[in-house]
Structures are given as structure tokens and as C-alpha cells.
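Across the two complexes that follow, chain A remains constant while its partner is chain B and subsequently chain C.
On to the complex of A and B.
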């Protein structure tokens, strides 16, 4: 890491550490959701930005994580960590089993295949009420307990969620920076050339899909312990779509972009809801505006603007 | 499992299948003409049906005029989307993913607009023909369903004739097969793409208007119809609107046989599983011909 980016890191960290203490409780609560959505969005960003795969099934893995946590803690009385592990293992196994065949599809077909997967999962969450509680859901999920320190307030949970989110960002960053990342870039830019260099495209795509599912399950477990109640409404196709918006809005190839996207999908609806019921229309239109005007997302648009300003500044200097 | 139950299921399957076929044909026509997967195709159905409901109940139009109004509304929204968004993005060489995201955003906005302006409630339309039913071997068949099937078949044949017999249909085909070649023979390729969206909007609206007397319309209907319509289009090979008709009816039949074979609550699970399996195993669609290029 260069000294310049380190210079940026320090004030950012200070602001991050102070935020939950100075902000009102509901804003701190939204920031917790931003952290959870960042985790879920990171996986989709990896798929979209580095494999060109539109994943519209993240609510499936999010739901699996949440239900695993709910079922393990409430129904079976196991410690919270069990829920995290069960959710992650089931999600990764499912992603592997489904990913192998489905990732043979490309482009639109894959996007709609994952959308169909999300629709199937959402119907099954609804039908299997012996497991999920159906529309009544499962309530009374305990707050997380770190060695006797109960994370029962948004300001406490905030730190835990964001530390997990940072850890996931580092994992994602390392994955992109590693040999795997090089192979991913080769595959994205020219899949034929990559295949001729004996890169197993199928295995590579499945690997990233499994990582994406892991992040989704992790986010789901974090969500379950935050709201203490999970029901089918949280894991519908709509949720899959809003997860996809995170990397689209922020910028799929950049990790800070995912945070920006997560801020966008958590805060914008909340800000717009002050305007009354019209806020859902405005949110849809905001998405359209981002897609039409900023195809590389907010972070991409910001970068472009900065280059343009720098060029202008250079011309005058 | 009695004969009448099977007959009832088959009939319901064909009826639903025709609706999926109309939505799927619109989706397929748009994809053929513009290479855009329209994730708001189901919203065209909602727009058509809702406009008809409002013209009939709020403005007091006669039923036939209200239906025509609904169909025109679908077509106009289609034209608007092409002119306002798709044209601009196509000029900037947007990726296929961004078109998908564009139409997802438009679908969200439209469904939220219906929720805001019309409300949460579902609305029914009166059945076409009469309220009566036909009883065949103890299976109850609504007259409306017979109308729906007849109109669906009529629309499919008309679409076929449109693509093969009319100048404008042939021009649209030419523009979709080879845009540069079509342009050199004097075809306005951009305008043909607008017509494609008009056609897609019209077909979607027809599907919506026809299904409303049976299941009603509300702001949430769009997404489900989009998914079913896409499944129908993929089963038919995606670039072939007439294949979507076959795909739609097949999907409807599979669904209703799943209802008698398994349980009505697994209807969507079966339909979408079939979609995934067909995409993987039969990428050309069940008809097997016509290229399935898209990604």
C-alpha cells in the first residue's frame, strides 16, 4: 500500500470509528445495513466486474444464511457460530452443485437463469414452513455475544458488522490481486485466449460463484442477528435485484464502489421516503439515471470527472 | 386422477400458456429486433390491463374501446422506452448487461407508479363474450377462456403474416438480421427498432388484458409475467417470436400438470426449474432450430 493511500486511510478510519457515537440511532442502524449489504454486494461485484456474470440469485444465499442462523439458534438452541457455519457450508455447497451446470450459460441466459433460481428459492422458503416459519417467520433470534459482550445496540453491532465487511473486502481484494485474479482478467478480456492458456474457465467461474454465495450467506446470518426476526418477505426476487444494484450503482470493479453502492441502496430509499409514497418511483428512476448516464457506476463517473478536471488543470498550469 | 380433472388441467394449461405466449412473443420480438432482453415485458401487460380497467370504470368507455385504449397504451409506452432510453444507450454502444439493468429499473419504476397512482388493490375485468361456462365431461370451461385461446391463436397467425407478408414486417426482419445491409437498401434501422418495441408493447398489453378477467391485475403482476414470458421465449428459441407461442403453451401445460401431479404451490418451482433445465440442455429451445445467440 502506498503512503498516499495510507494518508487517506487514517482520517477515514477515524471518521468510521466516531460515526456511531455522533449519529442518531436510526442512522447508525442504516449504517449496519450498509455493512451487511456491502458483504452481500462484494460477491456480486466479483462476479459482475471480473467474470461479466449478472447474478440475480444472491437473495437465495442471503436467505440460506439467515434461516440457518435462525434455525440453529432458535429451534435447536445452538451457539450463533453454528448458524454462521451451517449457512456458509450449505450455501457454498448449493452454489457449487447449481453453479457447475448453470454457469455454462452466458450473458442474458445466465442472468435469467439466476433470476429463475431466486424465484424458485423464494417459493421454497415460502412452502417449507416447517423449516422457515413461512410468512410468520422465525422470531427471537438472539443478539450476537462476543465472549460475554452482547452486541445489542446498533452502535455495538456496527463495529462487528464493519469488521466482518472489511475482512471480506480484504479477501475480495486478495482474490482479485492473486493468480486467480489474473486468470479472471484474462477470462473477462478474452475467454478464448484464456482457455488456450489452459485456464479452466468453468472451474474458475464456479469458484467465484461459490465465494459470492459465501458472502451472501454471511450477510444473511449478520442480518438475522441484527433484526432478530426473519420471514420470507426478506428473501424475494426483489431483494436479489436490489443486491445486484449495489455493484451496478457503485461500480463493479472497485471495492470502494461496492460500499458506495451499498450506501446508495440503504440511504437513498430512506431519504426519499420522507417525500411520501412516491419514493419507490424515484428510486427506480434514480437507477435508470445511473445506468443510462454512468455506465461505470458512481465511482467510475467520479474517476472520469477527476481525470477531466486534472487534465483541465494541467492545461492551464 | 379422473378424466375430467386431467381435462380441466389441460385446458387451464392452454389458457395460461396462451398468456405466457403473448408476453413471450413480445419479449422475443423485441430481442429479435434490438438484442435487448426486456425485463419489463410483464409491465406492458400491467399497463395494458390497468389502462383498460381505468378507461372502463373511471372514464366509462365502452368495453371494446377500453380494450383498444389499453393495447394502444402498451404500444405507446413501448415506443417511448425505445426513443427515450434504448436509442441513446445503443448510440453509446452500451453493453447487454446495461440494457438488462435499464429495463429492470424501468420495471421497478412502473410497478411503483402503479402502486402510487392506482393503489394496492387488484382489479378484475368483465369476461369477453358472456359469463357463461361450457361443461365438457364435467370439466368447467369459461367462455372467456375460449375467447382468449382464439385471440391468442389469431395473434400468432397475424404476427407470422406480419413478418412474412408486409413490407414493414420484412423490413424489421431485415434490420434485425443485418443492420448495415438493411440501411444500404434504404431501411430506417432505428425506426424499425422503435416499431419492434411498439410490437412488443402491443403483444404484452394484449396478454395482460386477456388474463385480467381470470386472475385480476395488480402492481405486482408484472415480474411474474416477465419471468414466465421469458421462459416461454427461451423454450421457443428466443429469436423466434412464433416459437415463443409454442413455448408458452408448453410451459402452461407443464405447470398445470405439475399442479395435479405434485401440488399447486409448486407451480412456479416446476416452471422455473424447467426453464433452467431447458436452457442448459436445449440451448436452441425445444424447436431446436434458429440461432440462440445472445451472450
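On to the complex of A and C.
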């Protein structure tokens, strides 16, 4: 790591560590959600920014993770870790089985395929009330307990969630920066040429879809242990759309962009809700503004601005 | 006689009733440079697409190193050493020149997704190897000065050279070049000619499609395709004297 990026990292870490102690409880709570959404958004960002795939099914895997944690801990009395593992394994298996056929589609058709998956899963979460509790949901999910240290306050859970989110960011960065990352970007830019260089497009897409599902399930389990109650309302198609907005707003090819996107979708509706009934319209307008004015997302726009300023500065010098 | 590297037997294809290849038969001997000429629409690119697996022929067989290529995918053919370039260069536009060439090396290494996610020593080692190979290829194809530029910013000629470098770096056995000199300037065509000869000296068999009669002189044997049929075969001098070829090209 360069000394310049270290220079940035140290104050950022200090601010990160201090935030939950200086901010009101509700804001700390929103920051916990930002961390959870970052984990879910990372998977979507990998698919969108590096494979060119629009995935509208993340709420399905998010739901599977959440219900697995709820069912394992509340109904079966198993330790929390079991819920995380079961959620991850089921989500990855489902992503593999469903991914193989639907990832043959491309563009809008693939996006619609994933949307259908989300709609079906949302309906099943509602119908299979023997498993999910339906609209009544499953309550009483215990707070996470790390070797006797109970993460029962937002300020405590904040650290846990963000450490998981940072670990996921590192893993996502590793992938982008690897041989697989090269092949992904090649496939995104020209699938015809990528195939001629022996890149197995179908297998690669499926693997990234499985990784995306893993992030979704992980985020879902984190969510369940944070709110202690899960029900079908949390895993609808709307949620899939909010997850897709994270990389679209922040910048799909940038990992910090996912954090920015997650901050946008968690904080902005909350801030705008103070303005009364028109808050949803305002959120919609803000979304349209970002997508139209900044097609590379907020981080991409910031990068462009910085380059322009540097060039102007260089011109004067 | 040694077995040919590639053998086409009575290959035929049509698009919606329009016949584009009719009973095309020829061999590409191992270590050779074979040329394929023909006016626009004569079926050259369709033939490339059939050999590399983008299209399945409606008739005939393609045999590569003794094995009939039936349902083998594009990727399987690539892994066995069949690599092509495209008539319209297909570069990875948002990636840099160096990254483009690095993609060409990915098939020479093996890592699992898990190794890459966890950045294991094996994964890092393979990336170092890929980068080193790609840097050497950039040097060889005079792309070093452009290596950090996005491929989208390259000229048509530079894109073509990049595509050839990317194909050559993956250690092909049979390299299929589709109109490689199109869009290149005189100096670049000279360099291209030189690279083709050198790649061939290194043991790579080359099947070359080109309109450029000057470049075609590197080929030991040239087949002339006209409306999906081979109408003449021989070295370039013989082809240029062939009355049917003269009629097709010059109308005399």
C-alpha cells in the first residue's frame, strides 16, 4: 500500500472507530444498515460492473440468509453460526442451480429472469408460512454473541458488521484484481473475443452469481440478528431493486462506490422523510438525477471531477 | 506424409437458403503458412467461424490434429491451440492495452475462484506470471508505449496489432488471422509480415485471410475462394497468373 493511501486510511479508521460513540443511536443504527447493504451490494456490483449482468434477485438470497438464521436459532435452537452457514450454503446451491440455465440469457432478458426469481421467492416466502412464518414472520432472533460478548446495541453491532463488510470488500477486491477479474472484464467488454481466448463465459458467470448469492445470504443473516425479527416484507422485489441501486448510484466498478451507494439508499430516504409526504418523490428525483447526470455513479463522477481539477491545476503550473 | 494440422473435408454451409460454402476441401500442414483469398462475400470469414467453433457447419468435417471437431466449443478449441483474430478487431475497450494482452495469457494458467477470492500465493504467483508474459509480448509487438492506455483510445491499426499480440501470447498452435493488415500503414504491414514469419518460425501454423496481395506472399500455399468454392490453389505467383483468379479479381 502506498504511503499516500495510508495517509488517508488512518484518519478514516479513526473516524470509523469514533462514529458510533458520538452519533445518536438512530444514526448508528442506519450505519449498521449501511454495512449490511454494503455486503449485499458488493455482490451486485461484481455482477454489474465486472460482468455487465443486472441482478434483480439479491433479495432472494438476502431472505434465504435471514430465514436460515431465524429458523436455525429460534426454531431449532442452534448457535448463530449455524444460521450463517446454512443460509450461505442454500443460497450458493440455489444460485448455482438457477444460475446455470438463466445465465445463458443476456441483457434485458437476463435482468427479467432474475426479477422473476425474486418475485417467485418473495411469493414462496409468503406462502411457506410453516417455514417463514409468513407475514407474521419469525421473532425473537437472538443478538449475536461473540465468546460471551453480546452485540446487543447498535454501537457494538456496528463494529461487527463493518468488520465483516471490510472483509467482504477485501475479498471482492482480490477477485477483481486476479486472473478471474481479468476474465470477467474481458467477458463484459467483448464476449465474442473472450470466448476465442478460451474463457468459459457460462462457468464464469455462474461462479460470480454464486459469490453474489453468498454476499446476499451473509447480509441477510447479519440483518436477522440485528433486527431480531424477519418477515416477508423485508424480502420483496422492492428490496432487490434497492440492492441494484447501490452499485448504480455509487459506481459499479468501484468498491468504495458500493459503500457510497449503500449510504445513499440507507440515509437519503431517512433524511428526506423529515420533509413529509413528498419524500418518496424527492428520493425518486435524486435517483434520476444521479443516474442521468452521473452514469458512472457518484464515485466515478468524483474521480472525473478530480481529474479535471488536476488538469486545470497542471495547466496553470 | 505427416498428418495435417487442420483438414477440411467437403465443408458446406448456408444461411437461410443462401449457400456460402460449397464442398470446401483443403489441408493446412503443420508449420505452414496457408493463405485464403477471395472477394467480399466469398465465405472466408464463415470458414474461420466454422473452424473456430462459432458456427457449426451444415456439411463436411473439420479435423484438427487428427481429431474431428464436432461439438467442441470455442473454448475447447482454444485450449487445444486454435486461436483467431477478427475481421473487425475485438479489443476489450475498457481495459488497458497491457490488460488486454494479459487476458490472452489467462488460459496458460489455472487458478480456482476460491484461490482468487482469498488471494493465495498461487493466485498471486499466476498473476505475476501473466503480467510478465504480457509485458514481454507488449515489448515484442511494440505496444510498450501504449500499455497503460485504454484500448478504446487506440487507432484501428493499433487495435489490430493488439489483437494479434493477444492471440499470439497464448501459445497457439494454429493461428487464424482474419484480414490482419486492414487499417495498417505501410510500416505496420512490414512489421506484421515480419511477425507472421517469426511466429511461424517458432512453430505456429498460420492460416491467413487477406485482401493484401503483398502480405499474401508470406503464404506458401494460397487458396482462392469464390462464392463458397475453391477455384484455385498454388503459391502466390501461380495464383496471380491463374486465369480464373484474374477474371474474378480484375474482370479480365
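The rule is simple: the second predicted complex is superposed on the first by the 317 of 317 C-alpha atoms of A that agree within 3 Å, B and C clash if a C-alpha of one lies under 4 Å from a C-alpha of the other, contacts with A are read in each partner's own complex, and residues count from 1 in each chain.
Here, a residue touches a chain if its C-beta (ideal position, glycine included) is under 8 Å from a C-beta of that chain, and two chains touch if they have at least 3 such contacts.
Quick caveat, the model's predicted, so the values are computed rather than measured.
Partners chain B and chain C, brought together by superposition on chain A, fit side by side with no clash. When both complexes are overlaid on chain A, the residue A:284 reaches chain B alone and has no touch with chain C. When the two complexes are overlaid on their common chain A, residue A:180 makes contact with chain C while staying clear of chain B.
In the superposition on chain A, contact of A:211 is made with chain C only, not with chain B. Our angle of interest has its tip at the CA centre of chain A and reaches the CA centres of chain B and chain C; in the overlay it is 80°, to the nearest 10.
By the touch criterion defined above, A:192 reaches chain C but does not reach chain B. In the overlay built on the shared chain, the residue A:269 is in contact with neither chain B nor chain C. In the overlay built on the shared chain, the residue A:134 is in contact with neither chain B nor chain C. Touch counts on chain A: comparing chain C and chain B, the chain ahead is B.
Judged by the touch definition given at the top, the superposed model places A:300 against neither chain B nor chain C. Once you line the two complexes up on chain A, you'll see the smallest CA to CA distance from chain B to chain C is 13 Å. The residues of chain A shared by its contacts with chain B and with chain C come to none at all. Note for the complex: chain A touches chain C at residues 171, 174-175, 177-183, 185-186, 188-190, 192-200, 207, 211.
Contact residues of chain B toward chain A in the complex are 37, 85, 88-89, 92, 94-98, 100-102, 104-110, 112-113, 115-116, 223, 227, 230-231, 234, 265-266, 268-269, 272-273, 275-276, 279-280, 283, 292, 294-295. Chain C makes touch with chain A in their complex at residues 52, 54, 74-75, 78-79, 83-84, 86, 90-95, 99-100, 102-104, 106-107, 109, 111, 113, 116-119, 123, 126-127, 130, 163, 166-167, 170. Residue ranges on chain A touching chain B, taken from their complex, read 48, 52, 54, 101-102, 104-113, 115-117, 119-120, 123-124, 126-127, 237-238, 241, 244, 248, 277-278, 280-281, 283-285, 287-288, 291-292, 295.
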